[in-house]
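In this document, chain identifiers A, B and C correspond to the written order of the chains, with residue numbering beginning at 1 in each.
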Amino acid sequence: MNGYNFAYLDEQTKRMIRRGLLKAVAIPGYQVPFGGREMPMPYGWGTGGMQLTASILGEDDVLKVIDQGADDTTNAVSIRAFFERVAGVETTTATAEADVIQTRHRIPETPLSADQILVFQVPIPEPLRFIEPSEEETRVMHALEEYGVMHVKLYEDIARHGHIATTYAYPVKVDGRYVTDPSPIPKFDNPKLHMSEALMLFGAGREKRLYAIPPHTRVESLDFEDHPFEIQAWDEPCALCGARDSFLDEVITDDVGGRMFVCSDTDYCQRRQEEVA
Amino acid sequence: MRWQGFSDPVQDGQRHFRRVLAAMAEPGTLHDAAATAVPEDAAIGPALWATLLSLCDLDTRLWIAPGLEAGGLADAVTFHTGCRKVATPDGADFALVTPATLVDPAPVFAEGSDAYPDRSTTLLVVLDALAEGGPWRLTGPGIPDTRGLDVGEATALMTRLAANRARFPQGLDAILGCGDCLAAIPRSTRLAGPVSATPEEDRTCTSQ
Amino acid sequence: MYVAVKGGEQAIANAHRWLADRRRGDRERDALSVAQLAEQMNLAVDRVMAEASLYDPELAALALKQASGDLVEAVFLLRAYRTTLPRLAETVALDTGAMRLERRVSATYKDVPGGQVLGPTYDYTHRLLDFLQLADGEVPEPARAEQALEACPPILEQLDAEGLIERETDDGAEPYDITRDPPDFPVDRATRLQMLARGDEGYLLALGYSTQRGYGRNHPFAGEIRIGTLEVEIAVEECEAPVCIGEIALSECQMINQFAGSRDRAPQFTRGYGLAFGRNERKTMAMALVDRALRAEELGEPVQGPAQQPEFVLAHADSVEASGFVSHLKLPHYVDFQSELELLRRLRSAHGQPDGAEDSRETVDDGGKKKEPAVEQDTNESEQVSP
């Protein structure tokens, strides 16, 4: 694209982000402040993830972009088209063929491998934000490893509902130290963060924070002995591919209450259907 | 100028960064970085030279330990990256050192604070030897089970890095270079040495 | 048979074409030129430049045209362009006392050296629609003075021999740069002013107004408002004197506020400060009110109103950030919504059952506390902002 650098960002901005990423990897789960730049897409639409992707992407990389697990949702299409245009990289919808995967709200069902990098778009990187709105305060809480309030919040859920009523963006503890927001993935995906083969990078553009979970890192979802962490389950399999191990989206099929459940990961579903056929 | 820059700054810089990122994400793994030649009388090898080229710029402060300027390194870094050189390491983003630099009394580096642990110096360490499977045992993030590393005669360095755990999240991250070869030991790594340097494993981590 | 929705690419391309058509409107009419907008929509252009932090009337007018007059969108366009520009040099600090004035008023001193100058203001226009402008009426030339106004030093510096008004002194510190580094709270005043200067005018106006209505009242007087143009200079190595690289229009507001004094400081008038690119008088007045309100803690005043809370005010002032995050709610949230659906069904089924007869998927039964009505649960869930 004329007038812009490879992958849109100028080299100085990339270097600033790259230095931040190295610190993020060295301090797993800690939110590194970075000089987030405006991107030619609105804040909240993945600008943090895009800045990280732009900073790590090379001309030989194959890129996959998903939103809600799907390659064909409009924002995924738009971000993929952006990188095709500004970096000229090859793109794919196949999880296994991608070097870099940018995602919003899901971790692919197909297990990731070493050498792959998963880049998360993060809206609110601070897991304590809904308990304590002040950045000054939450920074101190992280510094002192003072996470009692988070447990109180979760326990209040239990007292009120009999359950921990957090279903997505479910907080985790990384390598036994930092309480971290896994981005708004469903808690169904939380176990995939633990001892992952792939490096996972998180970018929050508007909030100007980036953080990382290296491969082979302990990631525990916060819970209680008498209320252990559990993931969502469905009574029926995917209506298209029959999968019983994937996160299912509910699809309304008529106006009299008819509905079906299908995989949210379109690539996974497609591949399973092809295998069956 | 005998020190060469990247022939393609955008793509070479990206490729080398990915090596450093992979090294940092999987501590103790070796990465080949033969990208850019250095003068014969240089004290540092191509791996660390490429690291300087890919990470330093106008916004970066570099400290070079005495003895490592051989071959006109200091001027070359300024020429190629524009980074600022600082007289004391505690104000440096990157510090180019050897294990001997870290022998007591070692200079003071920035280790960040508990609130901003990222505001710390990254060590770029010039090593005489670097190989997988050595006497130093690495565990922690990025390491399935445990990984061995041979860094040659570098006890002062490894003792210093082993002390990181006691002060976590403050600490020093190290990028190790030996000729064309690159590895890293971030502060998250627990180190167990062959003899004296015992790692500080005093963190008992619970989610309470 | 269910077919997943596909074809995002085509849909996006079609949306862009339709948008271009809507922007152009009736092809029978003349298209607006960017030059026309820069000239005749100059206040809109000035607002876009101020909030985008980029002084370029032509590009701001282009952004305005491209955004069909949507100011927030235009600010975003120009800001996104700004971020791609290299930083070539830093200017010498501007001295607004050297401004070539076109307007200068003070509400605190009846007569000021150099005089009060109304300039081209809407202030005393009667807000009657001017139907003549429906037709293309001729506009007479303005009356011109024989001589240009002399540069006048700021009124507050000139008229306060008694020292009743606090002095602003340069402490020589290198200011933080919010366009390069993220603000880390608490931030100093220079950082705050930068954030306010690019803050959304409507937001600052409402916050400033709230202080006047009692939410952090600080008894403001408009000490001086000045609008005019100023030369921008950079220092060049080979030259002794700084080199002028152009001229920009600026608006500045110095608010004087009461201060009752504290144990350490005698009672004194304090100041709030507003500065913006272009002719942005309302913005600078609002900014000055908010700046002063944010000094509450520094001055030992009780923090009672939203406008006195720095993190709250500053973290939400940027229209590019705010509109992005509000509008992102349009993006799909199927997965999060599905997660909530699943939970809600579970909670509702548990709610209808007698104690102990838990849903089978529940690992551990907490018994007793399941009598909260479903409505309550909804309320609780809504606290979790769906990002």
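The definition used in the following text is that a contact is a pair of C-beta atoms (placed from the backbone, for glycine too) under 8 Å apart; a residue touches a chain by one contact, two chains touch by 3 or more.
Computed from a prediction, not measured in an experiment: that's the story for all the values here.
If you sketch which chains touch which, the chains link end to end in a single open path, with no loop closing it. If you tally contacting C-beta pairs for each pair of chains, A-C comes out on top. Here A is the chain whose Cα centre lies closest to the centre of all protein Cα atoms.
The chain with its CA mean position farthest from that of chain B is C. Distance between chain centres (mean CA atoms), chain A to chain C: 31 Å. Distance between chain centres (mean CA atoms), chain A to chain B: 29 Å. One finds 43 Å separating the Cα centroids of chain B and chain C.
Multi-chain contact residues of chain C, defined as those touching 2 or more other chains: 184. Within chain B, the positions touching two or more other chains are listed as 116. Looking at chain A, one finds that residues 33, 139 touch two or more other chains.
Per the touch definition, chain B reaches chain A in the complex via residues 9-11, 13-15, 17-18, 20-22, 24-26, 54-60, 93, 113-118, 120, 122, 140-144, 168-169, 173, 186-188, 203, 205-208. Interface residues of chain A facing chain C in the complex, by the touch rule stated above, are 4, 8, 10, 33-40, 42-45, 47, 67-69, 72-78, 81, 104-106, 122-124, 130, 133-136, 139, 157-163, 165-169, 183-188, 206, 208-209, 226-228, 230, 232-234, 239-240, 247-251, 253, 260, 262, 264, 266. Contact residues of chain A toward chain B in the complex are 5-6, 11-12, 14-16, 18-28, 30, 32-33, 56-59, 114-115, 139-140, 142-144, 147-148, 151, 173, 175-178, 195, 199, 212-218, 220, 222-223. Within the complex, the chain C residues that touch chain A are 2, 4-9, 11-12, 76, 79-80, 82-84, 86, 179-182, 184-186, 311-312, 315, 320-321, 323-328, 331-336, 338-343, 346-347, 350, 358, 361-367, 369-370, 372, 376-377, 380-381, 383-387.
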